[in-house]
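A, B, C, D, E and F label the chains in the order they appear, each numbered from 1.
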Amino acid sequence: MAPTVIPFGPQHPVLPEPIHLTLTTKDEIVTEAVPQLGYIHRGLEKLADIKDFHQLVQVVERVCGICSCIHAATYAQAIEALMNIEVPPRAHLLRVIWSELHRVHSHLLWLGLFADGFGFESLFMQTWRIREKIMDVMEATAGNRVIISVNVIGGVRRDLSPEQCQWILSVLDDAEKEYKELGKVFLDDYSVQKRTRGQGVLTREKAYELGACGPTGRGSGIAQDVRQTGYSGYAMLDFEPVVENDGDSYARCKVRYREVLQSFDLIRQAINKLPEGEINVKVKGNPEGEVITRSEQPRGELLYYVRASGKKHLDRLRIRTPTFANIPPLLAMLPGTELANVPVVVLSIDPCISCTER
Amino acid sequence: MIDRNITTLEDSRLLDEVTRLKNEGYRLVTMSPVEVGDKLEIIYHFDKDFKTVNLRVQMDKNTPLQSISGIYFCAFLIENEIQDHFGVEFKDLVLSFGGHLYLDEEAGIRAPYCSMSIKQEDGGKK
Amino acid sequence: MNWQSLVGLSILLPMLAGCLALLNLAAWRKVVVVASAIGLSAIALIMYGHGPFNLDPSGSAGGINLNFVIAALDFALLFYILYLGFNFKHRLIIWLTIVQLLFLAMVELMHKGSQVAPLFADQFSLMMVLIVSIVGSLIALYALEYMRVHEEHLHLERSRQGRFFFFMLVFLGAMNGLVLSNSLLWMYFFWEITTLCSFMLIGHDDTEEARTNSRRALWMNLLGGAAFVFGLFVLSLNHLPLEITALLKNAQGSGILFVMALLCIAGFTKSAQVPFQSWLTGAMVAPTPVSALLHSSTMVNAGVYLILRMAPLYHGTLFSSYLAFFGAFTFIATSTLALSQKNGKKILAYSTIANLGMIVACAGIGSPAAIAAGILLILFHAVAKGLLFMCMGYVEQNIGSRMIEDMRGLFGRMPRTTIIMVFGMITMFLPPFGALLSKWMVIEASAHNPMVVIMLALGSAFTVVFWARWAGLILCNSQESIPQSESQPLFISVALLPLAVLGFILSLLVVPIYSTVVAPVVGLYYQKGFYLLSQGGFSSEIGAFSIYPLFFIFILGLVWSLRAVRKDRTCNYVAPYMAGIGAVQEDQYGHKGPLGKFFAFTASNFYLVEYIGEDKLVYGINLVAIGTIIVSLAGVF
Amino acid sequence: MLHFTPTILKNLFSKSATRLYPIEKREPFENVRGELDIDIAGCKLCGICARKCPAACITVDKKKGIWQVDPFACIYCGICADSCPTKCLYFKGQYREPVIQKVVKIMEKPVEEQVDQSK
Amino acid sequence: MQAIKNLIKKSRIKSPWLLHYDCSSCNGCDIEILACLTPLYDVERFGIINAGNPKHADILLVTGGVNNRNKHVLQNIYAQMPDPKVVVCVGACGNTGGIFRDAYNILGGVDKAIPVDVYVPGCPPKPEAIIDGVVKALGILAEKSENLKNCVEQEDDR
Amino acid sequence: MFTVSNIIIAILAVILTPLLGGLIAGLDRKLTARLQGRYGPPILQPFYDVFKLLGKSKMMVNGTQVFCAWIYLISAVSSVLLFALRSDLLMIFFVLTIGSVFLAIGASSTPSPYSQIGAQRELIQMLTYEPLLIVVFVSIYFVTGSFKIDDILSYPRPIFLSLPLIYLVLGFALTIKLRKSPFDISTSHHGHQEIVKGVLTEYSGPHLALIEIAHWYEIMLVLGICGLFWSTSWIGLLLLLIVTYAAEVVVDNLVTRATWRWMLTYVWGVGISLAFFNIAFLYANRFVN
């Protein structure tokens, strides 16, 4: 019997981003999934040839509009390490605040899309409604809603006034209250569980072997969160990585759900601990040498490898994004899933293709 | 997290070393390829509970490079990307897109990270 | 020529033609088959025009005692089957034949002859004769072309068509005999001939599979035969008449219900009701004309014919409610199985069994409405199924597969056949066609029986699905242009077209058919019929079905839609949506996937095998069926 | 199964969250990077902004006295404004209107005010 | 008949169905488009639905610049949209290629592949700007339908 | 049957049904939006949509799909017509089946994986609701002694009182017919589904409008059947319908979309047991009295 071959993407209503999977299905069960990338490949690492290392901050921010802030922070961290720049602690914590805001908006965005993936439109709406509060915070504090461009080499460009801090805290309280309402639906609702539990199961061993990272890995019980290493301001805050053990879509959803609460908490801690002082230092000269930096994105571990030889332009900029690492686990999860659950499973790794392909 | 220690490794010892790391429970994070002269330098990044190992291996671009996707399946995507970007070829690659992971033949872009140099064009021309 | 000999001719003419066809010459065969087809149809029409009759009760013709002749032939037949049994070393066949021989001998010994005509006809039998003669003749014509191509494919050294047509034509005669028989002994004789013909034809291709399947068919039918003759034995034992009319008139006595149960079991085997369904699905190895003729539109009807005939004898008993349950169960079980099938012939086979099951259920419900539904169902089912099988066979010869998945896009290759086929399917399950009308009658007639009606409801949902799925699949076409018209061989067209037209006309004429055929038959059993013919349709106290308005809308809608399509023909044709990477290669739509590879569009339907595959269900179904039969047998006493 | 009921019922019986744009507009936040504009009089055509701009969308021609930006390539990052020595670059709170034809914004230093001119 | 024609004419701009395609965008623009659908902006007020299927769409919203591979996709879905249709490109990348103009795999703005009717500047543009862009597109849609109507009438005459 | 009043009723039914259906669809969208905390489209939005679609240029994959769309519309209209003429419930149901079958055939006649899968799911949906509808009709017969709407309307008591559970069963069928969550699996009103638009993927412009109009007829028909359950008073009828529809919309916003496996097993399991209990209860009642 001929299988049903489904061209899933690049243009597909459940995929916000273009990726293609040729799905071979039988009675709607996926038997084989072959990916095709490149619909969004720009060749961004190569831009290091023509953009100087300052300008690259704006470029790496646009690797992805969802996790832009952390890209810039990580890149800045790399250059600062190369140039031995000591970033002031206030700047560190400000970076943390904006990074965590990004994590919150990214996870809320994901939770909404996830809800949409299993056909729960009203839940999507509600989630995005809460997300708008976070977007307002970003717009008000950084001057733009999505790509906030606050990071520069040597620190940050914008400061938070005490009033702004207070306002942020009140918005967070507000958002958290509404958010916890949603938690009941995402975690306890019968029909949601029916669609997410047991879907796309990834055992701990498999996840580790395939290099899963971030919530995808933590959903499978890999207790790894790069923030534990205490880069940037994280050393000053306390938190535990969020881990779930089931390894299915539900577990990944739960991890992300809980991480939002964790981020709320981290932002509060950071605001409370915000020291007085400079927010950036002057940068002179050009970077030289090579360095590897890592950080925790909403989707997992981000790695920058930078090599420079004392010129304005870097020799090499290499970005390894979390989704890139999570694609092999995804391919391993797909066979055996029902077609109707393909969006659920695909979304459960929170794929970000523009990060993946750069 | 800043990490600077990179150890250099003979390319002949690559497979042994990678296998050893795998047995010790390391995870492959990624590979960072850089063109150095007519050699391709690949840095293999491994990690185990934030303990990192970075191996620097220099390889000849013109002969097929050794793939480690047999040991770490997840390397296949990275190696495919390197094939696209550097116009090299990996042998024993478990799923090869033949240098067309990102780029199609018709685009006429071959090994952009080696042969090509991009130019900054005048504002708004493009 | 007197009337008697005309009736005799309806039985003997095909048999004779069969013998002539043994002369294995293609041209000669054509002449014989065409002539007998015309003759047979003419005879059937004349008989129908004449109306019901009873023949001379003496049972003799030209001074020969026909009862004696039949008995002699009967023994000869059984001994031949016994010989076959020994030949195959098939224990079951041997024993079943021996049992039959013994009982038959006893019956013959005890039977003292009777004063009732051995042959008779009412509207029901005449309708059956019409089906056998006209549908049968068309199928025989079709077989001429089909078998030619069939043997071409097989590369035979010597044509075996002589043998084939011999059995086909003999069967037609026997079948006419069967439905015209009044004497159960005669009927039993013809019954056994059909068993033998069926056996021979299933095994015709002489492959390993054909051999095993034909033997299975043989023993299962012999089992029915044994039940039949055992029933006759019990009748004789109780000094009851062996003639249908006589039995219907005055049958009392304790044994009668038991006899009925036995005859029903015989009917079950012939109509391949569960748990005997496997012989019919196995019979699909035979060349398609055989499936069309014996195994869907005529022979298998013999079983339900017998059961329906006897319905008044057990109406209102506990046994009849079991029968209703049993029929409904067969309906749902085999409809379910049909849904899980990819093999087109098997779908048709299961659907046949399902429809027969529904008829059995009608007999079990036994109300006038149900009987009417049963009779109509036999008619409409025979025509539609005959048509579908023939289409199926023709398509199979053209595409070399009988899997429905391989028929995807048939419309682009064989538009004419496809349309006829889709039409055939529609007449099976959609209004305003007769089969659906009968289904409506059945559901309303059984509405007081929740168990039965739920089974019928579930079962008919399955039917809708498998027909719609199949129809959609063959209509799938990517050609932007109108498919080039298709030329069918003469004998194929001659069979398909008239039968399709017949299907349409019969549905259109259902009201007169009801009043001239069905109502009188129901009138034989019941004081008054159930349906009033009013407002261009049927109505009763509990429901109404307006046939003519529906037909009016249907035709209007059809014409309108076709016009709309024609008008839109000039507008833009686009490729189907392929997520933005659609491509066309060699006239095939598909998408450009990973590695620049072209993936042509392929799709397959759901068969739900994980829930309802044959291997999952058959065991349980057989168990339930056997249980029901045992319980209902027990209920007889 | 019904965990979401309170939320949607609350939604039903309270005012919708929708801001009825364009009928109802919200004042932009302070310091929002809307449309990039220049106080051309203050510009000394030093070209720093052009060199710093990551999108390379500013061109400064000292000879002709022209400062120009391609607003359809500009990524509204604000680097130019940050680095301008005279602080003559600034952002309006209002974003730039969508158009049906792309234009380049050309500012001539000495004489006229700003001119929007088709490319 | 005339009444129906008028109704159709009126309805054209009251029911724009969107198709969103992400070329080589960084997601920034995409999430702002999605945000337009959500309660705060709720573009369904204007009858806008995110159709997700080119065959149902009237307005193609494109984000991101065109690259070698997605150029074909873009052309393909554009061809599958029934007339009248308009294209709105959103964000600096869609307009010109934005910051990625010089990247090796970026050919430039959306107008390199298909005709564009409205350009929405920004990186990413605010949801309000996107709404403005779509509203602007509606005007063009109405204009285009005028031309289309003529050919429909011609067809009727035949 | 062919009396003047009947003809007037028939004409009115054919004209008013889609208007009402569209209006209901509009209210539905508004209510949905409100439940989601949005402002929502104008009430007349469905009409705008359909008229817009009618004005788009025609585009098709093959003629068969257009043919099927027309048949779908015609059968939906005829079933409403038959309902308005107070005909036999089962017959109406069978006529309605023609439409659904042709919708599925139309979808599977195009070589597009998405509409193929949509067609398969549509068939599964039919498999799910058809038996339930028949059971509902048979239960109505059980109470009123007839399948004819005429007789059912003259039954003195609201049927709902005797068949509350059966009404729930009808609710399942209604949800499927309305294409509402959790049973909007073959095509969904919401844009984001894994099979794009399922059965409707390959329809566009005016042909899509045909299907949309047919859908309005269908909605009205199923609501009409719901109405039979409280046909004794206008107020009761309206109340029942409003509550039913509102409940549909609310449920639509409360649950995820089901998968077909889940739907089939759940609906059959629950539906048939509900029907069973209700009928058993009626039997017992009869027995006692």
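Just so we're on the same page, contacts are C-beta pairs under 8 Å (C-beta built on N, C-alpha and C of every residue); 3 or more make two chains touch, one makes a residue touch a chain.
Worth saying up front: this structure is predicted, and the values here are computed from it rather than measured.
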| item | value |
| --- | --- |
| Shortest contact path, subunit B to subunit C, counted in steps | 1 |
| Minimal step count in the chain contact network, subunit A to subunit D | 1 |
| Maximum inter-chain contact count - chain pair | C-F |
| Mean-CA-position distance for subunit F and subunit B (Å) | 57 |
| Where subunit A and subunit F are represented by their mean Cα positions, the distance between them in whole Å | 43 |
| Centroid spacing, where centroids are CA-atom means, of subunit A and subunit C in whole angstrom | 65 |
| Inter-chain centre distance, subunit D versus subunit E - centres from mean C-alpha coordinates, in Å | 22 |
| Multi-chain contact residues (two or more partners), subunit A | 4-5, 7-8, 10-14, 18, 28, 38, 41, 43, 46-47, 50, 58-59, 62, 122, 125-126, 129, 132, 147, 189, 191 |
| Per-residue multi-chain contacts in subunit E, two or more chains | 21, 38-40, 42, 45, 50-55, 69, 73, 77, 82, 96-99, 101-105, 123, 126 |
| Contacts with 2+ other chains: residues of subunit B | 100, 102-104, 112, 116, 118-121, 124 |
| Subunit D - residues contacting subunit E, complex | 16-22, 25, 54-56, 70-77, 95-102 |
| Subunit F - residues contacting subunit C, complex | 1, 57-64, 66-67, 70-71, 74-75, 78, 87-91, 94-95, 97-98, 101, 104-117, 119-120, 123-124, 126-128, 130-131, 134-135, 138, 141-142, 145-148, 151, 196, 201-202, 272, 275, 279 |
| Interfacial residue positions of subunit F with respect to subunit D in the complex | 31, 33-40, 250, 253-255 |
| Subunit B contact footprint on subunit C (complex, rising order) | 594-596 |
| Footprint of subunit C on subunit B - complex, ascending | 97-98, 100, 104-105 |
